[in-house]
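In what follows, structures are represented as structure tokens.
First chain A sits with chain B, and in the next complex the same chain sits with chain C.
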Partner chain A sequence: MSILTALARAEAVESGRAQPLTTVRHTHIAERPLVLVPLSLAGEAAAPLAAIVGTEPDQPRLLVVANPRDRTQRFDFVAELARVVLSYVDGCARSVDTGAGGTKLRYAEAPQVIVPNRGGIEFVRLLGRSTRFRRPFGPYPVHRTVPILGQWLTFLRERADHPGSSMLLAMTEVLGNHWATGQSGLEDANLAALLGWIDPPGGLDGAAAAALAEDPLRSPPAGPSTDPTFDNEILAPALAAVARSDSDDFARERALAALTAAVADQMRPTWDLTWQAVRLLRGRPAGASVEARWAMDRDVFTMYHMALAEGTALPQPRRDSAVAAAGRLDRLEREQARYDAQRALDDPLVMAEFRLSGEAFTGTVVAASPNRVDTSGKKAALRPHITVQTEDPVRLEPGALLVSPARLAQQAMVVSVSSVDVVLELSKGMGRSTKQPAPGSVPEVGERVTYGPVTDAYQPPGRFPSRDDTPWTHGGPPPAVEYGPSDNDAAEDWS
Partner chain B sequence: MDPLVDRLDRIRGTVAPRNHNARTIAALTSNPGCGRRGLMDAAGVNKGAVAGQLGFPAGFGQSRFAIARGNAFEAQVKADGAAELLQLLRERLGLAIPEVAYDDLSNVGGNASREVRYARTKALLARAAADRDDAGTLFDHPMLRLEIAGYYAYLEPDLIAFRAGGKFHVVEIKSFAVIDGQADPGKTAAAATQSAVYVMAMRELLAELGHPPETVSHEVVLVCPENFANRPTATLVDVRKQLTVLRRQLSRLTRLEAILDALPAGLSFDLAYDADQQPTRPADELRKAVSTIDARYSPDCLGTCEMAFFCRDEAAGSTSALGRSVRDDLGGVESIGTVLGLARGTLTPGAGQEEIAGLLRFAHKLRTECLDGIG
Partner chain C sequence: MTNVIDGILRDFGSAAGRGVVVDSPPGAGKSTLVVRAARTLAEAGERLMVVAQTNEQVDDLIDRLATAAPTLAIGRLSASTYVPAQRVIKHGTVTVSGAVGDMAASAVTIGTAAKWATVTDGSWERAIVDEAYQMRSDMLLRVAGRFSRALFVGDPGQLDPFSVVAVERWAGLSWDPMQSAVAVLLRHNPDLPVHRLPVSWRLPPSAAEVVSSAFYPFTPFEAGTKPADRRLEFSARALGGGARHDAALDETLETARRTGWALHELPARHTVRTDREAVAAIADLVTRLLQLGPVAYSEHAPDGRPVTVDRVAVGAAHRDQVAAIRQALAGTVAADVTVDTANRLQGREYDVTVILHPLSGRRDASAFHLEAGRLCVLASRHRHACVVVARAGIAELLDTHPSAEPVHLNVPVRFPDGWEANQAMLAHLSSS
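Moving on, here comes the complex of A and B:
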């Protein structure tokens, strides 16, 4: 949050419509995303009740568990879900990206699973955790696709922590990154209310649409938790009817149809809203680095898909070891910095955050000496100076290194700052000559330029001890036996 | 009669005070600055009914599946003289508990009145506390009480208090799962606060008997299902922090005189129930009465207070309705109209607003410049 976002929220209240927080879309939206709207049974840790899943808005596939507390039925549901998800995942691995160059293989597509909200991501995690250790043999055997689904769900859930990854998205979060509504962040977690502000149905203003969206009868919760009143008054009798009709085929069929219709009514509005949000996002132009980040996702997907096929995929333990966890956090931090930088360079409205704090500025070049040569060193070097007049409140010290979104290869060093202008010394990105910069490589007088501190340049990874040297503060070296899922895990109780 | 209690009685009206439970007492700590909530809770007003009469009913329902699962798990842990629980306490927490006695206090010789049960709990705990030897005892369904602004709130926890090694421990049984050693942080925090209420009530009871507060351990035992099974697991949770917060909030509640003095004398939230138990108090009049006390609405209230939807409506147009962090980012400026006026330069900043006004103008300029020509 910042004053820019806060101001946008205030503007949204006044105008009755959500206000954009970005000028471009920073999240990749796949051509064929897999939308998943899950429901779980209240009170249980991870008892799926139903799900709508599919890649086409007009072809929702509805899966229901007639008795969510029954182990066999639960795994039948998981096996059915596995069929849909795994065929989608494998479909993404069918063609190879020929433009990638080099020797590295990269699939042309990667899976993109979209759930309505943060709770959906937690559902993916729990379902992944509860299925990946199962086995198709031994006690409580399951269909062979169940543990594979578990591995993929765990993989997707892990990717969702990576800033800039678009393989598993919570729609409320994607929308919230792009629009500010006239309600609080807490209320934004309701997909229907959030979309009510962004894209209100005909004739309504955002506040009125959001108020309608809070009525659980009109727009049922987006899951995975269900509305308690629905549970008590509709779901409980429906489940009881199914349970009672065990011996009577005809009655059972009718009871199942009633149950299916009841849960479908709960999920269908969310399904439609999620696709409405997909269309809205597609309508926004993508930022310049969105494609590069998606290529990164595809690389990771390619590697994991091949590793699974070859049986060399790393185990997904219940908990990371200390060293692995530290390495992962370090990676996530570097990815966050890179993601922030890329967005700032792609989007003037994100860069505006830096301008607000005085770390970046926009202005007009009023003087330039493109042929200035620095002879103080051993070798003479081309070091043009430009003077930028700006109204921004610059808070930079001489010596600070900056970069301009228009000339990413070029480095600018602050020479001096006055109340009206900034003098910069440029290096790199001007061609081979040591006397004459390449045409257009040095900003000319009259050009409007932005300079900021952010750069998406490579940052070296942190250094961590090896597993065997895990310090005692972190529990000391882990046991010599490498952790892998065992048959004991498969026998884990599941009720 | 205590004049404060008398005053609170008049504010509440003709109905009996609403009973507190650990959940409502714990909720007192969530927005301590709110005078409206503080007063209504102290007076035992049925906030849900008031909000309903004002046209802002609050939906705080619980799914019957969740209730059934909670009850089933609790029954399982307590079955056979809490055999599973004992095993857990021995194995997981390494507590040396020899033979244990088990006392169910849920009714006393067929008499289940709160006072009788409280007296019985007190008598049994007194005997246990005075006992020098280390025989462990489990107390199921003890009846505890806490003084909330002049009234005793009776607490009927679904918990077991047990004594071992000269100390009492509170055991809280919850049905949310601990998966691979991790549980939902929100639920864990709520459970810790509720347990703190019980610890506090038990300490008060034992203090009356002349025992020091340390007799009741600040470490409560949280029993939850492990992973996806019904097998219970136990964790020790330190609730010292929650105890401090709670103590502070409760002591504030008893200092209501300052709020009360500023209110009109005839103020009442009585809903004027008719013979059919239908409220007849006109909504307008009730609204006026409620509005005489300042609320401090924040979006977090939506999850904890029955009045929240009314207060949210009242707070429309204020920056706090957008969340505390938004309000802070906007320099604490109260009204959204003022924020926009300052940002657009149509309002002259008041004293102390110069700095935030400058920032707002710049932010406004940046947004206009960047969004110019874009949808």
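Moving on, here comes the complex of A and C:
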């Protein structure tokens, strides 16, 4: 935990309200997100019990499996879920972004699926894994939409690993990135308690609201795991009643209604809380680069949607090969660096972390020589110097490269550091002239400036061998057979 | 020692097998081995590729190799931003270039792994990978296409490579890119010969035993010197003594002088990372040490050699701690003492080190702070003595935080366990 987060948490305890960690929202919230609250059956690897899903807070769609251990019923449920999710996904691909320019096609929207917590993301992964290799023919055939849903869920789950992507969000994590509460990180994983601190119901303070939220009768667990007492007292008898009523249609209908009502009671509070959180997040202004990151999400979505339609989508194998794993890690690391940089550049409160650790500073320009020319190299180059007076505890060494959020294209090199000021040498971003910088490109005396160690400049991807050139150190080339679903997939124990 | 090296060179020089792994504890002559292997192969007429992990390591290696073999043509492969170090250009036999094409005449071509990863053509029959345990397996994947057979040398007890992203996606896969290069190599080629250098020439007997049992429980090593070979003396009584504060410092330094270890314990307290009192204590200890005029007697200098600023180092876990300590030392006699993080101190050697315990003042013991390699690096840089500065209460902290890392299927268990190594180290320090 950084000093600033620790301070915000202490302040949250003292004031009884969560404290903001950011001045802006760093996560895109779509106009029409799809909220999904799943429940699974305790004791099973991936047996969905129920889900509540929808794009409008007042129109939840409730799906229930009458017998979660019955694979036919389970995949009937998946087919139902597929109808909702796939129509939502296709809806996002209906209109094209006309402002993008260039020849690249980009859809105007992309799916954004919001689950209440980290467990929800794991549920999406497992459901994707258990459905994407199934087929509408062969042993245990499923509805044709089931494997397509599996591919989309897998796609969404993989996007969730990408730093800065907003296509699959765990609400507790998004809130936790924006607010600090007076409780532990473990307690923050409870959506109801977390929201109790951020937006307590009338008259309560955060701690009291969070304490109330710990009562499983008031705020049932946000899933996918259910409350054990609910399992024993309500769910088990309800499932047994459905099982007993096999021959009697009337009794079965009644038992199903009772089961549905019971799980609906468990999920409805979480559904409402998730939408409450969506409203809270919408109420905050978006950071400057949120739109650019969402455009990246839309690009990826556009490519995958078209590839699926054309049948050219890359397979989603069970495991990454050595080359694929290394390439993916390289990409994730570059995205992480960029996301961290963009947040700091968008948000003075995030930059403050760097200022506290002495890696960044804010101050006033007290001297500037905008026309300074460096003639030591082969070609004379414009290299203005500015002196910034600051009270920040600067811990920078001469030679360090910095960027100012106000002038992203410009690079600043630390020339010298004293206890009161920092001298910087500027390069780039000053126009074409080698004598006169473009107006406004060099900070003037009296201007308040911030310089930090981060840049969101593009980093080229690493170079990796092709799959067929996997070296002997990593087991040599993998088997040449392209991966595809087979009959064996349907016979997996747990699917 | 010579026998071990001969055995390694025989294995590596033979036509059978694709690689040789050499595990080397701290200061066991790893660089000597690399230089000798490079020389032997180059003199036999073979073109050799050498991969190190940082520019610093590459420059050190070139300096040593060029000094040992003054007629050998060496190529230094480098990025465009690299400024050649003085110790590299002083050797007339070294060619510095960013293009591998310029190295055609070089018998030995040396570069960082990151630079080698950009090379797309050319292949070498044999390669030496230095500090292979610091290399991540995805980096090995990128450079392994350039060579057919390789000698992997490194210290298994040091810090594992890390990533800024936390992804469990590949846990259990034999080619998990988050593992070290050697781990992946051995999982795919379990029959490769693994040699061990059995003797540490750096660590004094007082340290070799402790470090060996705490961090290398199943592959012990011993010191190459006898207790009588190493001695530290203070040639001056410090100026302006008398204050109680100084008495505590002197006592700590005296213990370190006598036993090779000292624990400078501050009152228990939860602090921020840049604990002001701990930083001040380190600064006081280092300046006091230099004022005492320490002289080191060793097998290299039986008549004593003064311990000057360049022979003293301060180590800490975090960069902000390093910055704070540097600031505290600025303007004192110890201003030029090396202060760095464990990551950057890997492979360096000093006479006396002062380290800030990674768990000092913490409320929790996270995996980062428990990592055995971090403490191992910090506690194994010295030839004579090591002073550990810590808040009291680390033992209790460890007891309340047993390691709770998730266990994944098919992931080999790593030894030593950080929690246990920390306890072993602490037990020894408290008893000294």
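Everything below uses one rule, namely that the second predicted complex is superposed on the first by the 485 of 495 C-alpha atoms of A that agree within 3 Å, B and C clash if a C-alpha of one lies under 4 Å from a C-alpha of the other, contacts with A are read in each partner's own complex, and residues count from 1 in each chain.
Going forward, a residue touches a chain if its C-beta (ideal position, glycine included) is under 8 Å from a C-beta of that chain, and two chains touch if they have at least 3 such contacts.
In this text the structure is predicted, and so the values were computed from the model without any measurement.
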Which superposed partner A:330 touches (first chain B, second chain C, both, neither): second
Touching partner for A:251 - first (chain B), second (chain C), both, neither: neither
First, second, both or neither for A:216, with chain B first and chain C second: first
Which partner reaches more residues of chain A (counting touched residues only), chain B or chain C: B
Touching partner for A:13 - first (chain B), second (chain C), both, neither: first
First (chain B), second (chain C), both or neither touched by A:3: both
Which of chain B and chain C A:226 touches, first, second, both or neither: first
Chain B versus chain C as contact partner of A:472, first or second or both or neither: second
Which superposed partner A:322 touches (first chain B, second chain C, both, neither): second
Which of chain B and chain C A:161 touches, first, second, both or neither: second
Overlapping contact positions on chain A, where the chain C interface meets the chain B interface: 3, 6, 319
Touching residues on chain B, where the partner in the complex is chain A: 59, 61-70, 175-177, 179-181, 225, 227-231, 299-300, 302, 316-317, 319, 321-323, 325-326, 329-330, 336-337, 339-340, 343, 359-360, 362-364, 366-367, 369-371, 374-375
In the complex, chain A residues that touch chain B: 1-11, 13-14, 20, 23, 41-46, 126, 129-130, 182-187, 207, 216, 226-229, 231-232, 235-236, 318-319, 348-349, 352, 355-356, 392-393, 492-495
Residue ranges of chain A in contact with chain C within the complex: 3, 6, 161, 163, 319-323, 325-326, 328-330, 332-333, 336-337, 357-358, 395, 462-465, 469-476
Partner chain A, residues of chain C touching it in the complex: 18-19, 117-118, 120, 137-138, 140-142, 144-145, 163-165, 167, 169-170, 173-178, 181, 184-185, 188-189, 272-273, 319-320, 323-324, 326-327
